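In what comes next, chain A is part of two complexes: it sits with chain B in the first one and with chain C in the second one.
And then the complex of A and B:
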């Protein structure tokens, strides 16, 4: 929860969740519309720096991002590069040709731009996601956006199903394997195997959801149009400052990229 | 205008609430008043309509007064849970059903009120602790209900603190509920119920999913609630050994959902024990033991309800017949024994061998250097608290869990096979696994296909498959259900089918993971009898359980795990007789042993732990119990 005070200013976790999650949307839209390499690259670097300096993220998570983002970028550069129509880039250099597959430098550049856009968008989402808890986001949505609390809290309860489903799926997998369901390799067999998990997983999921909803009803969920907001999520001057700095930062990145180009 | 409307629907403030509560108290209305309640559930049909299930409960009257704990008993399917859900209108407002009769909670007609509006008057605790968690922290969880009731923030916190302190979780208010033990999560559910301020608590099998330590924790809290005297409790519970000293009154339903008998705990459980046994309602272990002894000619009167009362009753006897255990050493020492030698093949190499098994999941070590040999013909019980590693060990033995090489060291052999690498067709002949939730292991759309599946996989000829499937269908009472989808069976039928699919391949070892988890006594006993029969036919059985009396009755060997290590391994009377080991494993002495161990005047009776150890009953005496 947010703790007011000077110390909090450099801690992204103490800002209003809506600003962090929804504020960067104009920047994201702009990034999606770019076609060059530099703009998304600069945005990605700046956002990563913001996460590292202000996010108070655990070092392991930060290291995973620092390693994962370049690797993802590399993989996507080549895969998008392969998918680019050679006719569009046949004025550039042909780097390699293996049978019918040709790799043009222009295609690689398009691939890199697409990869960087994706990574930049991911980092922007992580900036909000890693510094916000689901409960705070729901609170801010009901308090400031006037989203009905029934929707917000039902979504929050549903989020708790995810790890449970993961565990349940693991058990069902083991169960089906020892019973020898669709053994062997190959995509067709794999699909058949996966299909077998659906019924028990759904049956278990529906039953669990019914039980949770009974428990919520029994605790007065939905009794009145409002519920007490025990924790207020404030919308302060510094949240406005953060919002403006997202946009200003985005504009600055564009300017820097233009200068470098 | 909108704001004005909101004001109107807000609940009355604290003072107004008190006035509303004060009224029923003045005229001494009960907290819960159920009259002539008859419920028929809607069973969905394929065309979108529904048909009506048989009525359960059927014409039930029941009241709960402030300060009393009313225990609701009955065989499975008699409508106990339905009645519990009807107290705040979840039946029929949320769970579709036709309802006749009236239910009044704190003076309000439940039929005319939406269930959430009754949260301030009726609080509920359900069976599955996992299915009651909504938020991400213990404190948020307890605040959830008072927030829904629109109490001022200060009052919300005050109630949350009081409730958490009462259940002993205040220090853990910042934790994720998932980090609590099973017993801890159920205490949290109790705190949530207390925080609503409701004066009626309805608990539906609150300890069915808990280990003995968890059961004790929940009942410790429930005792403080009952002792305070301002609330009333309606308790649906099958574990009478735990519930009997908390309850004041008992209402017993019969299989048709009608009230069979009602009265004070002693009046009903001791006075009408024969009737209850006839209905298939379980009695406290001490009462069953005393009835057996009566049958054997020991005049015990009145019937005891608790272990302590049984001790006193036995000590008061000038002389007792010799316990059966002295005459026939029933339990084989370390697997081999004269009993085994007479019934099964001579003991050779162990059929299951686990050597130096260590298994890690992420950063935590789930199993730590476990070594274990299971001899042919053993009925081995793996016991321990939730999270001790029992299920993981069982799954590794049966090849359900195929660990990554990095996560595991040590080896497992089952009937000469490596369960982590063996082909499923070979593995099904070596070891059968019965899951906690039977639905997990159903892989076909028909009951008979389900049984034939493993045999077809092994290439057994069609004629033999048909014969073996038929045999299992008959033995397990599933013959009329052969063309049903396994998911449409009842809970008990699913359980029988899951055992059937495992044994139809005639495995040398049968492994069962908490087969009695979440089931009532009747089904648990049915299953344990089935296991005993299989065991007598020569199948080696490994069962994961924390039902101490069932373990004491049936196992030939007990292995206690704690924190992933083997804490004790030996004969049931030795392991279950070691109070220090049991405590360390989060377990408790089974009720009968608790009674006999405290005896002062009959030293040769102190080793009696099983009902089967009691003196052989005279004719007519063995009517009660399993």
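And then the complex of A and C:
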């Protein structure tokens, strides 16, 4: 949400998008480099708690994460456990052997560590992703990172191209049908027919973009080095606090995992 | 920034929007797929490279790859990863663009696109190496995984170049591409480009 002055300090959506998306990167790099089970597990739990308490996501989405994360973890433990080289873990217990496939407890542990690492990373991504829209990040980039506003506004305008593609596809489909391009039934013909839409769709999109650019130039887009914005994305003291608490939280998770181990 | 025309910006935006639409379902599918069946995820990674290759080959101007992937990230942010897709997409665009920065935007031949795709594939595998602890995997699995990923990037590059050629033949973005260079789309480009 980009409404300035929204009261909720406990609402993650009101914080600066740059902090939410780029702030946790040091924590993510650290998590990628860990090899144990505890550190990513602690990070995942803390981040999930943060999403539940501050994210203001819909209950269904939250339930999907709460169910999906353990399932993902379980599936990955086995799928990556199977991929693990048995030679590295043959000092552990052999749990099962079906034909040439062997499952060692050490392999499962490696798989579990990989699974937890992935889930922790995914939750950190969701923490920023579920509370930030792409358009708000673009606005923050032009307002705080000094990205030229013409680039930012080109990206925002592109969002309006998407419904236009749907309309264009209908027109191309109709035109191809009238002209009898790739007629007939069956999956092979269907693929050929779909493939035939790609170039006209792209060409139509680019030509539309050229017309839009003429209209923008005619209205003096980019005539001044600065411009005003309808939506301001503020960078406040609380954003600095959030940034510091990301790093402090990450360090605390590492410390907790170290004492538990 | 003054030398960048609005037409160039919006052309990149259109290509980026098309790529972004393609990436929305990919964003939904990629995480569960990478988890459950890493082998099925590997051939998918090329999707992120089609747009920037297409934009660079068609427009042939500095920054086209980065700009296209930036827009693609904004458009594909309509998924659970939200604004993060901008960062993911930009990584592909910047990596491809770097190959052309290094050659000072003088080489536009297909081999440079393929070389960039292979180098980016190598870097991508290296980052996945750390995240997925790939050093602990069986050698056969590892070779297949890396081959599938690099193969996917090369196939995406081929597709991007092919589409750029077809679009240039259809007269799209005429006069926008820089007249220098030697790859095929320039044959139909006018020389009065600004």
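Note that in this section the second predicted complex is superposed on the first by the 175 of 261 C-alpha atoms of A that agree within 3 Å, B and C clash if a C-alpha of one lies under 4 Å from a C-alpha of the other, contacts with A are read in each partner's own complex, and residues count from 1 in each chain.
Rule of thumb we're sticking to: a contact is a pair of C-beta atoms (placed from the backbone, for glycine too) under 8 Å apart; a residue touches a chain by one contact, two chains touch by 3 or more.
Since the model is a prediction, treat every value here as computed from it, not as a measurement.
In the superposed pair of complexes, A:216 makes contact with chain B and with chain C alike. Contacts of A:135 after superposition: both chain B and chain C are touched. Contacts of A:95 after superposition: neither chain B nor chain C is touched. Between chain B and chain C, C touches the greater number of residues of chain A. Judged by the touch definition given at the top, the superposed model places A:157 against both chain B and chain C. Once the two complexes are overlaid on the shared chain, A:83 sits against chain C while remaining clear of chain B. In the overlay built on the shared chain, the residue A:176 is in contact with chain B alone; chain C does not reach it. Applying the stated contact rule after C-alpha superposition, one finds that A:113 touches chain C and leaves chain B untouched. Contact with both chain B and chain C is seen for A:199 once the two complexes are overlaid on the shared chain. Contact with chain B, but none with chain C, is seen for A:228 once the two complexes are overlaid on the shared chain.
Shared interface residues of chain A (contacting chain B in one complex, chain C in the other): 133-135, 156-157, 199, 203, 208, 212-214, 216-217, 221-222. Every residue of chain B that touches chain A in the complex is listed here, in rising order: 6, 9-11, 85, 88, 90, 94-95, 114-117, 119-120, 122-124, 126, 128, 130-136, 140, 143-153, 156-157, 178, 192, 196, 395, 398-402, 423-425, 427-428, 433, 435, 437, 439-443, 453-454, 457, 487, 501. In the complex of the two chains, the chain A residues touching chain C come out as 17, 20-22, 32-33, 35, 61, 72, 75-76, 79-80, 83-86, 88, 110, 113-115, 117-118, 121-122, 125-126, 128-138, 148, 150-151, 154-159, 161-162, 165, 198-199, 201-203, 205-210, 212-214, 216-217, 221-222. Taken together, the chain A residues at the contact with chain B in this complex read 133-135, 153, 156-157, 160, 163-164, 168, 171-172, 174-181, 183, 196, 199-200, 203-204, 208, 211-230. Put simply, chain C touches chain A in their complex at residues 1, 4-7, 9-18, 20-21, 31-32, 34-38, 54, 67, 70-71, 73-87, 127, 130-133, 136-139, 141, 163, 166-167, 170, 172-173.
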